[in-house]
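Given below, in the form of C-alpha cells, are the structures.
Each of the next two complexes has chain A plus one more chain, namely chain B in the first and chain C in the second.
The block that comes next holds the complex of A and B.
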C-alpha cells in the first residue's frame, strides 16, 4: 500500500500526516465516506452521469426560474390585470388599460422620456469624466502602484447611495461648500440655486455611478498592449490620431459595457432624484413609486409602467451594444 | 507619451480623487458643527452629535437590523451563487446560455423596477413586508455577483487536482468539499464582503419591502425628508466609517489570500 514511510513523513511535514490519517479513515471526511447512510445517498445521487447532473442542476435551475425570473413575470402578469390584489368577490379581468394610461397623460410619459434623456446625458458625462482617469491609471501609473491608486478611488464607493446623496446635498446647498467658496472668492453675491435642479441630480448620479464606468474602462485599457501605440507613433501618427485610431477603437468593448451598466443603474435610482431633484425633474422612478404608496388597486398601473421602463431600457441598451459592436467590427477591417 | 500629457492626466486623476472624497469629508466635518443649522462656515465645534448617535436607540437598532439583514442575506447569496457557479463553469448542457442569462438578470434590472417586482412577488408568495422580505430580496439581488466572482475563480482551478481526487476514490461531494471549496475560499470571501456591503447600503429594496422597522439607509432617508441636521451627518458618518473600513480590510485580505 502507499503509506509514506517515516522519513518521508518528516520531510513532507503536515501534509503527509493528513494523508496518512485519511487512509486509515480517522478524519471527519474518512469517517463520512465510510458512513453507510452517506454512501447510500451518494450512490443514489451519482448512479449515472445523467442523474449526477440532475442533482447538481436542480436547485440552480429552480432558483433562477422562481426567484430571478418569477418576480419579473409576476410583475408582467399584474400589469395586465384590472385589479390587484384581488378583493374577495371581485372577478379579475385581463386588460391593456394600464398601458393605455401611460400614453394618455402627459404627467406619465413626460417623466419617462425625461428619465431616458437624463440617463443618456449622465452616462455620457460619466464616460467623459472617467475615461481620462482610467487612461491615466492604466497607462501612466506603474504596475506596482496601480492597485493602490485604484483602491483610493474604490473606498468612497463602498459608501451607500443615501449617504453619498446626502454628501452632495451638503456640497451644493445654498449655504453649501461650493456656494460659500464662490462667495468667499468674490465671484457671486447671492448663492446660486444648484439644488433641486437637473444639475444637482446629475452631479449626484454621476457621483454614484462613476465607478461602474471606471472599472470596465480600466480593464479594457489595461489589456491594450503599449506596443500598438508605439508602432502608430513610429509610423508618424500624432497623439490625437493615435488615440482616435488605436486606443479608442480597441477599448470600445469597455466603453460599451460601462455605458450599458451606468445607463441601467441611473434609470433605476429612486432616492437620489427624490432628494436632489425638484418638481421640474420628476423621474419615472418617482412616478412608478407613487402607485405603490397609495391603495393597492394602483399596483397594476405601477407594474405596467415598470414593465414599460424595463423594456425601454433593455431595447435601448441592446441597440447601443449592437451599434458599438458594429462600430468595432467596421473599424478592425 | 509626452511629459505634458502625463502631467495633464495626473491632474485629472487627482481632481477626480478630490471629487469623490471632498463631499464625504465635508459631510463628516459637518457632523462636528455646534449648531442645528446645516451650512458653511463652521464657527464652533462639538462632539455632541456623535455622542448623541451612540446613545440613540433608534439609530442603534436600525444599525443592528441592517447588519442582521446583511449577514443573513449574504449567507443565502453565497450558498446559492456558489452552487450556480459550479453548475455553469466548464460544463456544456442544453440551456446553459439561458441559465446564465437568468443568473445575471437581477443585477441588470434597474433598482426601482427590481424593488417593485420583489414587492409584488413577495405579496404573491404571502411574505409580509419586513425583515424576511428584505433578506429574501437582498439575497436574490446579490446572487449574480457571487456567481460571477466564483465562476472566474473556478475557471482557474487545475482540472488535474479534481481528477487526482476522483482517481484516489473520493466521491464528487468529498472532492468538492476538500479540493474545490478550499480553492474557492478567496473568491467566496471577497464575494461575501461585497454582498454584505451591497445589502447594508441598499436603500430601494429595503424601502419597498420593509415593515415598520427601518434599516439604516431607510432611517437616514426618512430623517432627510424631514430636514437636514448635523445629527444625520453623525449617523451617516458612522455608516461611512464602518463600510469603508470593511471595504479596505476585505480588499487587503482577499489580495493576501489570492497571493498564497
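The block that comes next holds the complex of A and C.
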C-alpha cells in the first residue's frame, strides 16, 4: 500500500521544512519576525483598519509635509523677516515691509502682470495647438499605434528644460534653421530677428508645456464614445456643430486640467524667459531671482514676491476651475 | 578716487621676473602627502584640469570644485552656511571683499604661509583694494575688465572709439549688455565716478546720478537686443550673429577670439572698469591647512596662470604667465596703452550706497 508510505514522506517533508524554518530563524529577518517587541509593535500598528490606514499614510504625509509644504512654509516665514540668511550678530525681526515694497512700487507691477498675461496667452496658444494633435491621436490613430505616438511625443522630455531651450535658440537664431530655410526659399534677404522677443519666448514655453496640455486632452478625448458623434451626425449635425455641441463640452474637464497645469508652470518659468526673452519680456520670476542673487542679496523680499505670485496664480487657477465647472454643469443641464 | 592704470608692459611683460619662478612642472617641492580634501567654490575653468589632477596625485588631497557664476549667489550660499561653512576656498572679486568681510565670512590671508605669494604681479597683490583693515583677504588669480566687443566683419574699429556706438540707430537691435555693469559705465561716460566713492557724503547727488543713468538706459531701451547676465550668453549671441557688438567681460570675448571667431574688443575712450578675481579662505573653513597647500600650489608656476588664461580668457595675475601663451592668446589678453589709460578698478567703499541705488534702477530699466 502506497498511502501510509506517502504520509510518511509528507511527514518527513514537513519535518525538513521545519528544519529549514529553524535555520531561517537564524537570519536577521527571521530573528526580527520572532522578536517579541517587534511582534507587539506590528500587532499594535495593525490592530484596527484605522490604525493600518494611519501607518500607511504616515510616510506620504511626512513626505508631503517636509518636501512639498516645508519649503513653501519656510519661504513664507522668510518673507516675513527683515534679514535672511541671518548674519552673525544680527537680530531678525518680523516685518511686512517686503510685501509693502511690492504694493508700494509700481516698477514691480509691470513684470507681475506681464507674467500673468503671458501665461494666459501662452496657455491659450498651447491649447489651440495641442487640441488637434490630441484629437488626431485619440480618434484617428489605431489603438495599437497610440502608445508609439505618445512615446514619440515624449521624446523631447528625455532631455532637460535648458537643452530644449537651447534647441529653440538653434532654430530661431539669426543663423538658425528657420532663417536659413526662409533664405534658401528666397522669402527673405536678411534674417528675421526672432530671438529675444515675446515670440521666441512664446515658442519656447509652448514647446516646453505642450505635453502637460496634450496628456489630459488625450485622456478626455480617448474616453469619449464615438457613438455620441455618430448619433449627432445621424440627427443631421454638421462637423462643426458636432465638435461644438458634443466633443468640446465633453472634454471640458481635460481642457480645464491641461490649462491649469500649463498656466501654473508658465507663471514659474525662469530659465526659458532668461534665455529666449528680450528687454521687453522681463517676467516676474526674473525679478524674484534678482533679489536672490544678481541684484540685491535680499532673500526676504524675493520670498515675499514669490509668495505673492504663488497666491495670485492659485486664485486665478481657482477662479478658472470654478468657471469651467460652472460651464460643465451648465452644459449637462 | 585712486585711479589705477596698467601699461601693456606691466600687464604682460613680466617675463624677467617670471623666469625665476619654477622651471619644473612639479608644483610641490617636497612630499606633502597630507591627504583629506579641499572644497572650492569657483567659476568654470578657474582650476585647470591638469593642475588639479597633478595636485591630487602629489598631495593626496581631493579637490572638490563647486561651480558658481555670480558673486551675490556665492555670498548667499556662504551666508546661509555660516558660521560653519562647507567650503574652504571661494572666488571673490576684489570689489566685493567688503561685503564678505563685514559679514565675517572671510578669514584674513596669512601670506607668510604662501611661499609662492611673490609670484603674483605686485600690481595686483599690492594694490590699494587688496589690503583692508590691515590684512590681505585673497590671492589675486585672474583679472578682467568691462570691454566693448564687436564682430569685425560687421563693425569697423573706427566705430568703436566711444561707448555711444552701443546706442546708435545704426546698430539698433544688434547690441547687448549687462545692465548692472552698464550702469557704472554710463556713469563714467557721463563724467561721474561710477564707483560712487566721491559721493559717499552726498547721497542726494548719488541718487540723482543713478537716476540720470537709469533714464538714459530706459530711453535707449528700444535699441538693445538683449540684457544678459552670463558670459556664455553673449558668446552664444555673437556666434548666432544675433548681435554685432556688445558690452562684455574680456574673458568670454577673448575665449571667442581664441576660437577663431571674427571678434575684437576695445576699451572706448570714455574708459571702463577692471576687476580682479581672488581665491579666498572661508572664515572657519573645515580644511584650512589643505586650503593653504592648494593656494600655494596653484600660485607655484606661471604655467598654471597661463592655463587659467587659456581656459577662461581672463588675464593672469601671475608674473611671466604671458610667456606661455600663443600669439593669438597674447593678443586677446592685451590692450594698447591708449586703451588702458582710462581703465579704473571697481572699488568697494561705496558699494552699499551704490547698489542700494543701482539695484532698484536695474529693476526699473528691466520693467520699463
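Brief remarks follow.
The working rule: the second predicted complex is superposed on the first by the 265 of 333 C-alpha atoms of A that agree within 3 Å, B and C clash if a C-alpha of one lies under 4 Å from a C-alpha of the other, contacts with A are read in each partner's own complex, and residues count from 1 in each chain.
Keep in mind that, in the parts below, contacts are C-beta pairs under 8 Å (C-beta built on N, C-alpha and C of every residue); 3 or more make two chains touch, one makes a residue touch a chain.
What you see is a predicted model; the values in this text were computed from it and never measured.
With the two structures aligned on chain A, chain B clashes with chain C. By the touch criterion stated above, A:236 is placed in contact with neither chain B nor chain C. Looking at the shared chain after the overlay, A:85 reaches both chain B and chain C. Of the two partner chains placed by the overlay, only chain B lies in contact with A:288; chain C stays clear of it. When the two structures are aligned on the shared chain, A:193 is found in touch with chain C, with no touch to chain B.
In the superposed model, A:169 lies in contact with both chain B and chain C. When the two complexes are overlaid on their common chain A, residue A:275 makes contact with chain B and with chain C alike. Once the two complexes are overlaid on the shared chain, A:37 sits clear of chain B and of chain C alike. Contacts of A:299 after superposition on the shared chain: both chain B and chain C are touched. Of the two partner chains, chain C is the only one that A:111 touches; chain B does not reach it.
The larger set of touched chain A residues comes from B, when the choice is between chain B and chain C. Chain A residues 85, 169, 173-176, 274-275, 292, 299 lie at the interface with chain B in one structure and with chain C in the other. Residues 70, 72-73, 75-76, 79-80, 82-83, 99, 103-104, 173, 180, 221, 224-227, 229, 233, 236, 239-242, 355, 359-360, 362-364, 366-368 of chain C are the ones that touch chain A when the two sit in their complex. The touching residues of chain A, counted against chain C in their complex, run 85, 87-89, 105, 107-108, 110-111, 169, 173-176, 191, 193, 195-196, 274-275, 278-280, 282, 286-287, 290, 292-297, 299.
Listing the residues of chain A that touch chain B in their complex gives 29, 32-33, 42, 46, 52-53, 56-57, 59-61, 63-65, 67-72, 74-75, 78, 84-85, 129-130, 132-133, 135-137, 139-140, 147, 149, 151-164, 166-171, 173-177, 180, 207, 210, 239, 264-265, 267-271, 274-275, 285, 288-289, 292, 299, 302-303, 306, 309-310, 313. Residues 1-2, 5-6, 9-10, 12-13, 16-17, 19-24, 26-27, 30, 37-41, 80, 83-84, 86-88, 93, 99, 102-103, 105-106, 108-121, 123-124, 140, 143, 170-174, 177-178, 197, 200-204, 207-208, 217, 220-221, 224-225, 228, 232-233, 236, 239-240, 243-244, 246-248, 251, 255 of chain B touch chain A in their complex.
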